[in-house]
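A, B, C, D, E and F label the chains in the order they appear, each numbered from 1.
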Amino acid sequence: MRIAIIDPVARDTSHLSVPTVEGVSIERKSLRWGTPSIESRWDDDLAAPGVIDAAIRAELDGACAIVVNCMDDPGVDAAREVVRIPVVGPAHAAMQLALCLATRFAILTTAEADVPIVNELIARYQLEHRAARVRSLGLGVNELADDADATFAAAVEAAELAVADGAGALIAGCTLLGPHLTKLQRHLSAQGHDVPVIDPLLAALQLAKSLVKQQQAHSARAYVAPAAKPLTWFDAGAKLGAGELR
Amino acid sequence: MRIAIIDPVARDTSHLSVPTVEGVSIERKSLRWGTPSIESRWDDDLAAPGVIDAAIRAELDGACAIVVNCMDDPGVDAAREVVRIPVVGPAHAAMQLALCLATRFAILTTAEADVPIVNELIARYQLEHRAARVRSLGLGVNELADDADATFAAAVEAAELAVADGAGALIAGCTLLGPHLTKLQRHLSAQGHDVPVIDPLLAALQLAKSLVKQQQAHSARAYVAPAAKPLTWFDAGAKLGAGELR
Amino acid sequence: MRIAIIDPVARDTSHLSVPTVEGVSIERKSLRWGTPSIESRWDDDLAAPGVIDAAIRAELDGACAIVVNCMDDPGVDAAREVVRIPVVGPAHAAMQLALCLATRFAILTTAEADVPIVNELIARYQLEHRAARVRSLGLGVNELADDADATFAAAVEAAELAVADGAGALIAGCTLLGPHLTKLQRHLSAQGHDVPVIDPLLAALQLAKSLVKQQQAHSARAYVAPAAKPLTWFDAGAKLGAGELR
Amino acid sequence: MRIAIIDPVARDTSHLSVPTVEGVSIERKSLRWGTPSIESRWDDDLAAPGVIDAAIRAELDGACAIVVNCMDDPGVDAAREVVRIPVVGPAHAAMQLALCLATRFAILTTAEADVPIVNELIARYQLEHRAARVRSLGLGVNELADDADATFAAAVEAAELAVADGAGALIAGCTLLGPHLTKLQRHLSAQGHDVPVIDPLLAALQLAKSLVKQQQAHSARAYVAPAAKPLTWFDAGAKLGAGELR
Amino acid sequence: MRIAIIDPVARDTSHLSVPTVEGVSIERKSLRWGTPSIESRWDDDLAAPGVIDAAIRAELDGACAIVVNCMDDPGVDAAREVVRIPVVGPAHAAMQLALCLATRFAILTTAEADVPIVNELIARYQLEHRAARVRSLGLGVNELADDADATFAAAVEAAELAVADGAGALIAGCTLLGPHLTKLQRHLSAQGHDVPVIDPLLAALQLAKSLVKQQQAHSARAYVAPAAKPLTWFDAGAKLGAGELR
Amino acid sequence: MRIAIIDPVARDTSHLSVPTVEGVSIERKSLRWGTPSIESRWDDDLAAPGVIDAAIRAELDGACAIVVNCMDDPGVDAAREVVRIPVVGPAHAAMQLALCLATRFAILTTAEADVPIVNELIARYQLEHRAARVRSLGLGVNELADDADATFAAAVEAAELAVADGAGALIAGCTLLGPHLTKLQRHLSAQGHDVPVIDPLLAALQLAKSLVKQQQAHSARAYVAPAAKPLTWFDAGAKLGAGELR
């Protein structure tokens, strides 16, 4: 089974590692248009057209499902309107997984500025009642890679606050935190806090795989396919219609 | 990977078919104590001790995960306290799957008397906002097998009402409806209603498999293991404690 | 008027005192099957069949109403399906009483491990918006009796946190805290915190009495009586059906 | 035990019957200022000062509790600030009782114009999730007494709609419907709809009695007593302060 | 455009300044009956009849819209039933404005005793999910004018707590805080907290003006006009009916 | 005061009329990239970058506020991150206005396929409790202009359903319905349904004007400005950063 991971950034991402999933071959795509990182609603909106574009190409290339590799789930709902293969966002997948494991979860996000955006995300999936306070690491997304020790220390601190808030499961608020999560879960467990720490990208890949195995995709009634229409875009006169591309 | 399906009824269920899941071998267990079918909260409560008992034995036998095969999810939360392998309920799994596929779902339940119970179930998972009106087939759980044509006709009628209510995905309200679902989805699609119809048992098995693959189980903080204690049960003096059984 | 109190534990509880209610004679029952104390969902589920059994016997013995003496309200909903006399749970009764007295309440529970269970209970009655943070005494249910002074001190500390959280009424999270409540309310009042402290067992008894006086019982539409069916239980072939027992 | 019923209208109401409650002597009060019937938010607001006034006088006269006899609960919250005996509103009492008897209730109100007001009332007690659609009899409050047969027929029609909506318990939307309720419940039962029909005034009286028996009154923290202050009212210079009156 | 500001207190308020709004001439009214300040639900209920009375007179005098100058919005809903010009409450206007500016707001109220009332107000407009914790200045409404420096210092402290709670916009909890708000917003901005601080009276005036400009007023279906009826009030026999007054 | 209206479509819209607002001069902008009409989430996401781009240019050109002329509010939240002048969406403005006029509103949308999207919109602003069922005209956005009589007839039918559902105010679900609204409100009024019908574009313009008059804009804390960063877009190497453009 081939699953396309769309990195919603306009730069080469082929060097970034992703979790392996048995029986799944991963196809990596990044965007033709967009910004180099997702840190704001502005980045989300600039990424979404490229996500739609990449999703259409992934379906044409024969992918079985699509995962958009960002905790803001940019372009996921719109992409569902123009492809018939499953499209999964890691934020939604991770929150749903958390609710299989605990009665209340917390998201550990990166910069403090991201907190209102994460709250909007929780509201978008109507899960406010199940979410403990969003805790931030106080680090921008580009700072995560710079200093692994500082990142881990900040993650531990945020995680401990979240546990004190009553969270029973923790969600990494950025797919770039992936490499720290096993260590974080082990560290918390050693402190007597035996709580799952969820890698949203892995959660999304597993959910996508399971949708394919169940032969299910999003409802054509909830995500109605738009008619083809002229698009004004990169090169004038380009058409990017659903009808025409399938 | 071995997954134990616990049929929460006190009768032989080995003749009932279950969906096949690639890479998963199914182990079937029914209960030592309970009633022959689940149709009420009373059946749920009489089944739960047997579910706990079967769950402990399944974990001892080396199962990787447990699925409780009933849309009331009886005993699921309690079983999580005494085993460390994932325990999945089909109602929760199916509702979560539905929200991956549509913005609003409907449950098609069996008898009209079941409607308040299904509403409680939706409230238990705090998904009232995402649920369209529960629609019933007007058939008891034991009548489902009796007349396949009448069952299918009743399912079609309930499904069409649910679609008119605005549901974008449908959930079979009883795991016994499984054999009708592919046909139902195809029938609705032919009527122009292209909506997913979810088999809760398959949803639960896929979710259980994906939890095992992600090496995740329920939070020990949300589901705290009780200390072993004397149990007054079938034969006096029996102990059914978590501590002793592991 | 005779009200049956069902202590949902499988041990002799006749020595435990209960509040007196004018015009009500109390009949004490404990369980034929179950565990010696309720500290987890596991205990709840092991208690429920015994609660149902005791409820049926109480109605046959001519009781006017039933109170299940535990803040988890185990077996209450199921028992309503098989008896026609009112069945009251102290958690529900206490939360409803609290909302007659204040706009926001807090539950003071026993062990920290109980907090997620109490949150589930609040969600079951859909009262999250009216509940301040659950505060725990940090003592197991069996430790409450051991050291009255430590119990009282822990209750004061939890109560003061709850008042600072904005709670206008407090609910004892375990019916065993009853003996401390008058003193606790007086102590808080002396500190300038004039908030009601609710004894859930007393609240349940008063509610049960008032239902009898109003000649009201639970809706037969919300709690539909199941048909009699064979039960596999303590001695094989026993029937515990609603039809047969009435 | 003496309970004061405040009829929130400025006319003689001594001829109107009220339910009898064992061990309770009723004291009837109507208002010094207000309108002759409650049919709008405007009537509510014109009634409230008179309710406060009557409540203060009732407490001075030695009443043990107060019930405000109107389904809009006018002046109830404010009266709690100036008296220390329990003050109960029938709307709140009836909705709480309904939730002891069923998972979802419906209010049967009088005129269609009252529907938005009843919806606000349900929202004020934050019970939207538990309420089925408000159904009206299509009769003004003053028409109820005129034609008992037409009133009963309208109540039956509204009740049947509410049952079809899924309500498990029904609440009379006006305390003047009291005389029809036993007959209505019996009629519905004969139609196979075995649902409780709640008399809000009786529910309020029973709740008030039970609060007195539990020696509980509203929280002084949620309903803080205001300081005495000069009041410009009926005759200039009158003072109607809490401090001065106790 | 003439807008009537109703100060819901029974004293001369003509010396109190109000914000100026371009193209709007303000007409100041205070009450014929009521208390000298609004500090409790009791004051609210004693003010409401006077608000209704003043609203009817304002409409007769040719005002285009009405603003009730108090953060409890007393009498606003009832007044809408008897006048057809817009009636605006500052609490509602300010909360709605806040949600145009931020995803979460906090109300800074005066005395600690006001906190439960403000929570009720937020619930009345069903905005609990969008509100951060209510923070109080710890000062009574009459103390605000006494010591401007203490008031400002208390406002700063409450505002900083609200910002730490995650509020993105702040609402003055009393229209008397108006004079401090520009300074408060500037002070917070200098501390790096660039959050809007909303003057509820200004918000209400702007909303009222915009309703007039849009030629919109409240729905006659949501706020049904009551029929004229005899009123027992200040002088016996007075009629204060909607029909008669228009 | 100059307000920029951004029509979120990539075509000339200068011929389309907009409501006039006293003291406001309108500046019309359409998009450099996007589709010719907004009918799906896909259109929304393709429009958003162009909205951001147009918003930045409008602020540079000296506009006082921005209104995005589409009931899906595309790009509104993201645009707030990169401009400091108010940015208003008609959907949010119209829903807020509706709640000033009635207790419950209904949105009358165009095509049936739009219903799930409108439900998401209502959820995004967390107003599910205040919304009656979304009703559609059964006409695509491009069909609205084609046959004015059919459009009006469809609007009347949808409006009457919404009124029967209990809506007290109606919102046009597309800014293109503007020309029909006065007639619709008059028609409903003649039928005895005196409910406001809200023009979302007018509501947005009035809200924008009132924000400017109050000298308020969105919170810099809720909508944090992103740092400038390289953008891969129309012509390679283009930069569209917030910092650089101001």
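Just so it is clear, a residue touches a chain if its C-beta (ideal position, glycine included) is under 8 Å from a C-beta of that chain, and two chains touch if they have at least 3 such contacts.
These figures come from a predicted structure and were not determined experimentally.
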Contacting subunit D as well as subunit F are chains B, E
Remotest chain, subunit A as reference, centres from CA atoms
D
Farthest from subunit F by Cα centre, which chain is it? Let me know.
C
For the pair subunit A and subunit F, the C-alpha centroid-to-centroid distance in angstrom is 28
Whole-Å distance, C-alpha centre of subunit B to that of subunit F, is 43
Hey, how far is the Cα centre of subunit B from the one of subunit E, in Å?
52
Which subunit D residues sit where two or more other chains touch them?
102-104, 116, 120, 123, 126, 129, 168, 221-222
A full list of chain pairs that touch reads A-B, A-C, A-E, A-F, B-C, B-D, B-F, C-D, C-E, D-E, D-F, E-F
Subunit C-touching residues of subunit D, taken from the complex the two chains share:
21-23, 86, 88, 92-93, 96-97, 99-104, 125-126, 129-130, 163, 168-169, 193-196, 198-199, 202-203, 206-207, 209-211, 213-214, 216-222
Inside the complex, what are the residues of subunit F that reach subunit A?
10-11, 31-37, 39-46, 48-49, 51-52, 75, 77-78, 80-82, 113, 116, 120, 123-124, 126, 221-224, 226-227, 229-234, 240, 242
Write out the stretch or stretches of subunit E touching subunit A in their complex.
102-104, 129, 166, 168
Which residues of subunit D touch subunit F in the complex?
115-116, 119-120, 123, 128, 133
